[in-house]
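Naming follows writing order (A, B, C and D), and every chain is counted from residue 1.
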Amino acid sequence: MINKIKTASEAVAPIQDGAVIMVGGFMATGTPEILIDALVEKGVKQLTVICNDAGVPGRGVGKLLTKGQIKTLIASHVGLNPEVAQRMNTENEEDKLTCILVPQGTLAERIRAAGAGLGGFLTPTGVGTIVAEGKQVIHAEGRDYLLELPLKADFAFIRGSVTDEFGNTVYHEATRNFNPMMATAADHVIVGTCSIVRVGEIDPNQVVTPGIFVDTIVGGEMPWQI
Amino acid sequence: MADIKEIIAARVAKELKDGDVVNLGIGLPTMVANFIPEGIDITFQSENGFLGLGPAPAKGEEDIDLVNAGAQYVTVKPGACFFDSAASFGIIRGGHVDATILGSLEVDEHGNLANWIVPGKMVPGMGGAMDLVVGAKKVIIAMQHTNKGKHKILKECTLPYTAVGVVDLIITEMGVMEITSSGVVLKELHPDYTLEQIKEATGCELTVHSDLKPML
Amino acid sequence: MINKIKTASEAVAPIQDGAVIMVGGFMATGTPEILIDALVEKGVKQLTVICNDAGVPGRGVGKLLTKGQIKTLIASHVGLNPEVAQRMNTENEEDKLTCILVPQGTLAERIRAAGAGLGGFLTPTGVGTIVAEGKQVIHAEGRDYLLELPLKADFAFIRGSVTDEFGNTVYHEATRNFNPMMATAADHVIVGTCSIVRVGEIDPNQVVTPGIFVDTIVGGEMPWQI
Amino acid sequence: MADIKEIIAARVAKELKDGDVVNLGIGLPTMVANFIPEGIDITFQSENGFLGLGPAPAKGEEDIDLVNAGAQYVTVKPGACFFDSAASFGIIRGGHVDATILGSLEVDEHGNLANWIVPGKMVPGMGGAMDLVVGAKKVIIAMQHTNKGKHKILKECTLPYTAVGVVDLIITEMGVMEITSSGVVLKELHPDYTLEQIKEATGCELTVHSDLKPML
């Protein structure tokens, strides 16, 4: 079996300036902090980050934001991290953050669509709002829908609770959120996990993310990082 | 006089039926859970990925993997289940949530809702609100009737929409209002206010229901 | 808590002639045979059945087919049940079966879309084939896709391995297949399950079908019915 | 001479690389699993809902909840996982299957495939085949070169398509052929056959690769 286990700095080594990275987590619950920390240390810039939210200062993608590593943030909610507004409104063009807001259900579904080989989907969410701007409206079976397109990434940072050496992963409680979809929608998937076990130790009925989606496994993720 | 927020939350709770699946927004709506009568079994959904949301844990008993969509520590009840965000919004958009209760900056007489952005000022993002109000079977707006005297219930929203034509019911400290094809109908008036007061506090025409009741 | 537990005949009592019924299972593995048996006994006719396949004679939806209760079958594969061809080609108009074939992935996704409130989705499957007939072709990001529409039903027959009294359900091994999607896409969902347990006995991390989707629970499903 | 099906299956197995995710069709393709060399780790997908498909169980050790897409009893290997049909076809359509191996009634020089229906005669349905050939990174057709002498590799399919322009490789008992933008290229010829024989058995032009090798 191919050995997928690496250190966090080895895992993020292939990531270059300008990369598109999906980061699991919801207000940093379910975000692999060890991978974020390694990326902060590596110092790559001009990143496009796709994440439900902007975390909070000092946690999750908030750390990348503080370091000025994010050029574009695609998220559903950024209100709990005041740095987002500051960086969106900065007069220093080089530091300026572009923030693209996507309804949470649409964000989850666009990521799923990319992973599942769908060319898009029709959602009633956002019809008649500014979210509809520039999008095709399709009338089907008596109702208007927006055509939303798939969303892919170069890398995905996934946060597992238990991962076997093949990459099969389960998520504990509310840490699951965006992680399972993101694991399917990036060219290169890195799992930061709390516990690495041998192949066969996870009941096949309980696996949430199949190991075939996982390229790299990093152990040592903690239940909480400050 | 009881706390205004408690008055609103208590009245909202009466809208819920045994067996309902309900999503509560952040802030005031969260308080609705405290007013569910005995014998009424409600399953609360947390859009970050579970059903069976319970009360806040006791100090020192927080589970760090278990937070609600507002990033607060919570508990789950027996019979809860966890799922991913795509499944969560499948439940929401698919009409499997009986009622969503959320606050708003503005609501208008067409049932349009504006609660996610104040251009040039506040850009928090829509989070799950756009999906919730489009998908839930019943959309209940629970909010203070005015913003320090400024109208929030309007002829036309002035802020960008969260969604169009989705609001079913508005519950404030002054009354209970239904959005109908002929506008906003006042069904209950709180005893602390007069008809004149609520009309003055409302930025659109308020039709008074022929069987107007006191809001209790 | 509302009591959802009924006998099989009570469970199928609301089903009338002409109903649209989704039936979980893949070649009858994962089909709730006790519910099929109850429907055979009830004798309703002119049914539209949505199922991955036609089962085999004497198992799964094959039993309904033998009794002539199915008017229209929507499935991805019917080759392993020779009765399908016989009934499609019968000269007796009243007994004639209409069979609508849908690619398996498209069938699963159409059912999911109905349950998830999507108005449809774009799939590359079927482009340039007779499956595309009558469907809108949408060009997105450099590729042609078919617009496929959601598929709903009046009733769903779900086969659980373990179900709690609220309806939370887990599926063992290959019995899962279409069951989880079908549980979301019908007005009335009936689970035939091998084992009914108390609320709280299933780990909330392992539930596959949330109990909110389940209207009726019928115990006594066996690992195999002959 | 070895069994024709075994010759084909053994040659197909050589196309697979360590770590590949592979879906095997019913019939001949299923035999490919018997020819995977030591040290090559393949994860087999079963489209009815799992990864990590293993060999058939010993008589009497069948698990009734564990069958493949052909309704035969199978086993799973350590590291397997189960999922639903939507997830299964997400894996397939999403390009996460490295190779799909299936038989065919007809293939043509444009890479078009026809293997699911013979109008007026056989209407078994497409099952998962249409999704598999559109989604898998590599589509390998493993079949006997002709149907009792009747051409199966054609200029144009005569039967309704399963998909258009999807076939990468055709492996028969006579040779290994790649579908390119300039038609069918013969890359390997089985030593039991002459160039003339394979050309005669093929219903379209067969370009012989400049570095033609024996099929072993």
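Here is the rule we go by: a contact is a pair of C-beta atoms (placed from the backbone, for glycine too) under 8 Å apart; a residue touches a chain by one contact, two chains touch by 3 or more.
Remember, predicted model here, so these are calculated numbers, not experimental data.
Visitor: So how far apart, in whole Å, are chain A and chain D when each is placed at the average of its C-alpha atoms?
Guide: 35
Visitor: So, what's the distance in Å between the C-alpha centres of chain B and chain A?
Guide: 29
Visitor: Mind pulling the chain D residues that touch 2 or more other chains?
Guide: 50, 76, 82-83, 86, 89, 92-93, 134-135
Visitor: What are the residue numbers in chain C that touch two or more other chains?
Guide: Where chain C meets two or more other chains at a single residue, that happens at 109, 112, 116-118, 123-124, 171-173, 204-205.
Visitor: Line, ring, star, complete or other: which describes how these chains touch one another?
Guide: Per interface graph, the chains form some other shape.
Visitor: What are the touching chain pairs in this one?
Guide: Applying the touch criterion to every chain pair yields A-B, A-C, A-D, B-C, C-D.
Visitor: So in the complex, the part of chain C that touches chain B is made up of which residues?
Guide: For this pair, the touching residues of chain C are 1-2, 112, 114-118, 164, 166, 168, 184, 199-200, 202, 204-205, 207, 210-213.
Visitor: How about chain C: which of its residues touch chain D in the complex?
Guide: Touching chain D: residues 26-30, 52-53, 56, 75-80, 85, 88, 99, 101, 103-109, 111-112, 123-131, 161, 171-181, 208, 223-224 of chain C.
Visitor: Which residues, counting only chain C, touch chain A once they are in their complex?
Guide: Touching chain A: residues 109, 113, 116-124, 138, 140-141, 143, 145, 147, 149-150, 170-173, 204-206 of chain C.
Visitor: Show me the residue ranges of chain D that touch chain C in the complex, using the header's touch definition.
Guide: Listed in rising order, the residues of chain D that touch chain C are 46-50, 63-69, 71, 76, 82-86, 88-89, 92-93, 122-131, 134-135, 160-165.
Visitor: List the residues on chain D that touch chain A in their complex, please.
Guide: Contacts found on chain D: 18-19, 21, 41, 43, 50-52, 76, 78-83, 86, 89-96, 134-135.
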